[in-house]
Amino acid sequence: MAEKYSREMVEVISKNLHRQQDLGKVPVLDVRNLGIDFGGLTAVDGFNMTIGPTEISGLIGPNGAGKTTIFNLLTSVYQPTRGSILVNGINTKGMTTAKVNRLGVARTFQNIRLFTDMTALENVKVGMHNSIKCGFISSLLRLPPYFKAEKEANKRAMELLDFMGLADVADTKAGSLPYGVQRRLEIVRALATNPSIILLDEPAAGMNPTETEELMHQIRRIRDTFQIAIFLIEHDMNLVMNVCEGIVVVNYGRIIAKGTPEQIKNDPAVIEAYLGKKEEE
Amino acid sequence: MSFLQYLINGISIGAVYAIIALGYTMVYGIAKMLNFAHGDVIMVGAYISFSATNYLGVPAVLSIFIAMAVCTILGIIIEGLAYKPLRGTSSLAVLITAIGVSYFLQNAAQLIWGATPKNFTSIVTSAPISLFGGQLTITGEVIITIVASAVIMLALHFFTTKTKIGKAMRAVSEDRDAAQLMGINVNRTISTTFAIGSALAAIAGVLLCSTVPTLQPTTGSMPGIRAFTAAVFGGIGSIPGAMLGGILLGVIETFSKAYLSSQFSDAIVFLVLIIVLLVKPAGLLGKQVQEKV
Amino acid sequence: MRIKNDRKTQLTNFLTYALVIVAFVILQYMSEGKMLTKSMQGYLIPICVYIVLAVSLNLVVGISGELSLGHAGFMGVGAFTGVIIAGIFRDTIDNEILRLALSMVCGGVLAGVAGFVVGIPVLRLRGDYLAIVTLAFGEILKNIFGNLYVGKDINGIQFAFSSEAIKLAEGGKMILKGPMGAAGIKKIATFPVAFVLILITLFVVLNLINSKEGRAIKAIRDNRIAAESVGINVTAFKLKAFVTSAFLAGMAGALFALNYSSVNASQFNFNTSINILVFVVLGGMGNILGSIISTTVLYLVPELLRELQDYRMIIYAIVLIVVMLVTWSPKVKQMIQVVQVRIKDLFKKKDKKGGSVNG
């Protein structure tokens, strides 16, 4: 059930967003006062943010600030202790990770989690699982719908691989691909689920400068082609500042700054979190 | 009064399970493998003790020590020949190898001692104690078993918390790689664990056969499975858990035979196990480990 | 569009079917021509049964990646259901093949139901805990049908957990007698039916593996968290594999029981489950053709060693351990590789002498 869109929320979004086309639309992700405790230890607290349907946002912060924990909350890997998460206006409370994905949230992982024993193509086809329309009986008895569905799935999977420049490795086992390629394959697999938002957990980690440069173009291209939102965690400031339209900075599980790349660059709280307090000068 | 009688008998049989379960749990905790041959080491221990007393005329108490020594060596050999080469590979491969070792021990025992059951003479000679005018009888075996398991439990606790090698064992069980980096000899620690587990199995074998006197090559397999269940029940990898699991299993088994149905006692025992695991997936005293995402 | 990997699987599947069919044709020809020894003749159906059991267990252990130690329990459910159904319809259905088929289907369905009931709680657990609970369920199932009494008379069928509870009218017969099991079963299992069951099993398992369901199941095995993140309902797919596997095991169990004049519960114990697991692991995880070959070989090894009498099982045990060490130990693998390289070098030198330009 989509929540009614209040004037106040539109204002919040328009303040954060820089994309005219998102104005007045239900945010793809609407997080309110989110928090989680692990046995008395508060890992994340008071996390608020909205992401418009075609916005690219970044989540940054020092190591151990709770960034991945926030991703795990957004994808229901953990159930929040407090607060709520609305995906396209629907509350994900109590849902499984699989259900949240079907609502439109796809993700990649910091420590790559591919199906290493399967080929790149198969990995993408697993991602397409819920859009392949073919019943259990059809596939068991190899009825015509099975062949039709498989053919379509192969075609679409190849298109997606090609989109990220991975068509050549379609038949290669995912586990034997180079690191940078694995990262991109994870993105393709996430795209294959037809998401309305993709969460990228350190997509440039382990990539060389050329690969990172290419990734930046690809991230923008994903948004422009599929018209979806992207939310990414990244330590490469060059990438974050160049690609993201809105940035959220967290430290010790709390938001310490929000704004455009320009605002974040000059925010004293952010500088302090990253470089420590300036005592002299 | 019969309630008390069943309780004591249950604790006694449970104490045997507990001693066997300790072997399972220590090996699992440290080598992360299900040693299905453990039950058969029990059988070997019982046969050694039997042979020492019957063929060599060794006193019963001394025969236990001989059995322990033989089983310790056996445990180290099994570990070194069959399990060590597979360390770090698929856990299923190790499991199947353990099954192979189990077949080997059973059939070797059959070749040496024959398939016909031997009548094991109890190592306990003291007469049963009669209480409340004969309403409650406690046999010598029951007392010895319970005392022995309590002593073993305390000794193991002391060993793992106070001694250097015991601490090394706990370190290896917690994080093998880190322990290695700290200069702990992982291979030797694992061998030691097998040695201790096998020595305990010998004691368990003698105690088991003192209570249930038929000894045959398959004597160890069912108590082995029971004890394995007990170890999981208490939380596999946990020493107090194995003790608790073993005793609870023995008591549940005795009670269900006495009060519910002797026919379905197996089903009841395993049903309780399943329910416990569904409520506490890591067993009664086990640690729940969350997978890092 | 041509996808290399698909072709490879298609080829392997074709080979699997071809091998089974050719083996059947040869054996059936030899069997009809009385070219097989009596004992060989007797192994045919049990080997088929164990092939079905191994292939179906491979679906759970190899493809789904869950260690199940209770497969014999499902086999037992099928066996006893089959015996009961065959006993009930002994006089009403004259066609033996039809009666056998009905018994097998009923055995499969009931085993599938058992698999569903067991699977729901069990599949929530992971790793070794799942293994111990499947073991426990296997023992519970064995315990239940080991105490089941079934009688049949003109008034109908009676079920009970004790022999006294069954009061049969004149001319009535006991089909199942608790721990004694069933005796006086009419042997209606035939080799061609066993062969058809293998074909059905291959058809179901191979088609399942190479479909979107199979991909989902393999994905869960490879990385559960990633599979969830792409919208796959983990429990549902694990359950699908588990129930399918139990169904096939039940069919095999019914066939097994109807091949002997008597069966009892202790035949479906933990050791049987373990034996099937050994077939699967030695044949290769997820490798269906491997399961078929290893089952046949491992079933025959102890039987062919029968002349060695007391030594045969000890030899079997040693073979098992050595095979595991050779196939899995990193050190041994390294040694084999070194030897392979040396042999290759030898050939290369020879080639050079012969003036070959290949290299």
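Every chain is named by a letter (A, B and C) in the order it is written, and numbering of its residues begins at 1.
Definition applied: a residue touches a chain if its C-beta (ideal position, glycine included) is under 8 Å from a C-beta of that chain, and two chains touch if they have at least 3 such contacts.
Small disclaimer: the values here were computed from a predicted structure and weren't measured.
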Most distant chain from chain B by Cα centroid: A
Chain with minimal offset from the mean of all protein Cα atoms: C
Centre-to-centre distance between chain C and chain A (centres being mean Cα positions), rounded to whole Å: 43
Chain A and chain B: spacing of chain centres that average the CA atoms, whole Å: 50
Inter-centroid spacing, chain C versus chain B (mean Cα positions, whole Å): 31
Residues of chain B whose C-beta touches two or more other chains: 293
Touching two or more other chains - residues of chain A: 77, 109
Shared interface positions of chain C, touching two or more other chains: 225
Touch list for chain B against partner chain C, complex: 28, 34, 36, 82, 85-86, 88-90, 92-93, 95-97, 99-101, 103-104, 106-108, 110-111, 221, 225, 228-229, 232, 236, 263-264, 266-267, 270-271, 273-274, 277-278, 281-283, 291, 293
For the chain A and chain C complex, residues of the former touching the latter: 75, 77, 96-99, 101-102, 106-107, 109, 113-119, 121-122, 125-127, 129-130, 132, 134, 136, 139-142, 146, 149, 153-155, 158, 170-171, 189-190, 192-193
Chain A contact footprint on chain C (complex, rising order): 1, 3-5, 204, 207-208, 211-213, 215-216, 218-219, 222-223, 225-234, 240
Residue ranges of chain C touching chain B (in the complex, touch as defined): 61, 67, 121-122, 124-126, 128-129, 131-133, 135-137, 139-140, 142-144, 147, 161, 225, 270-271, 274, 277-278, 281-282, 285, 310-311, 313-314, 316-318, 320-321, 324-325, 327-332
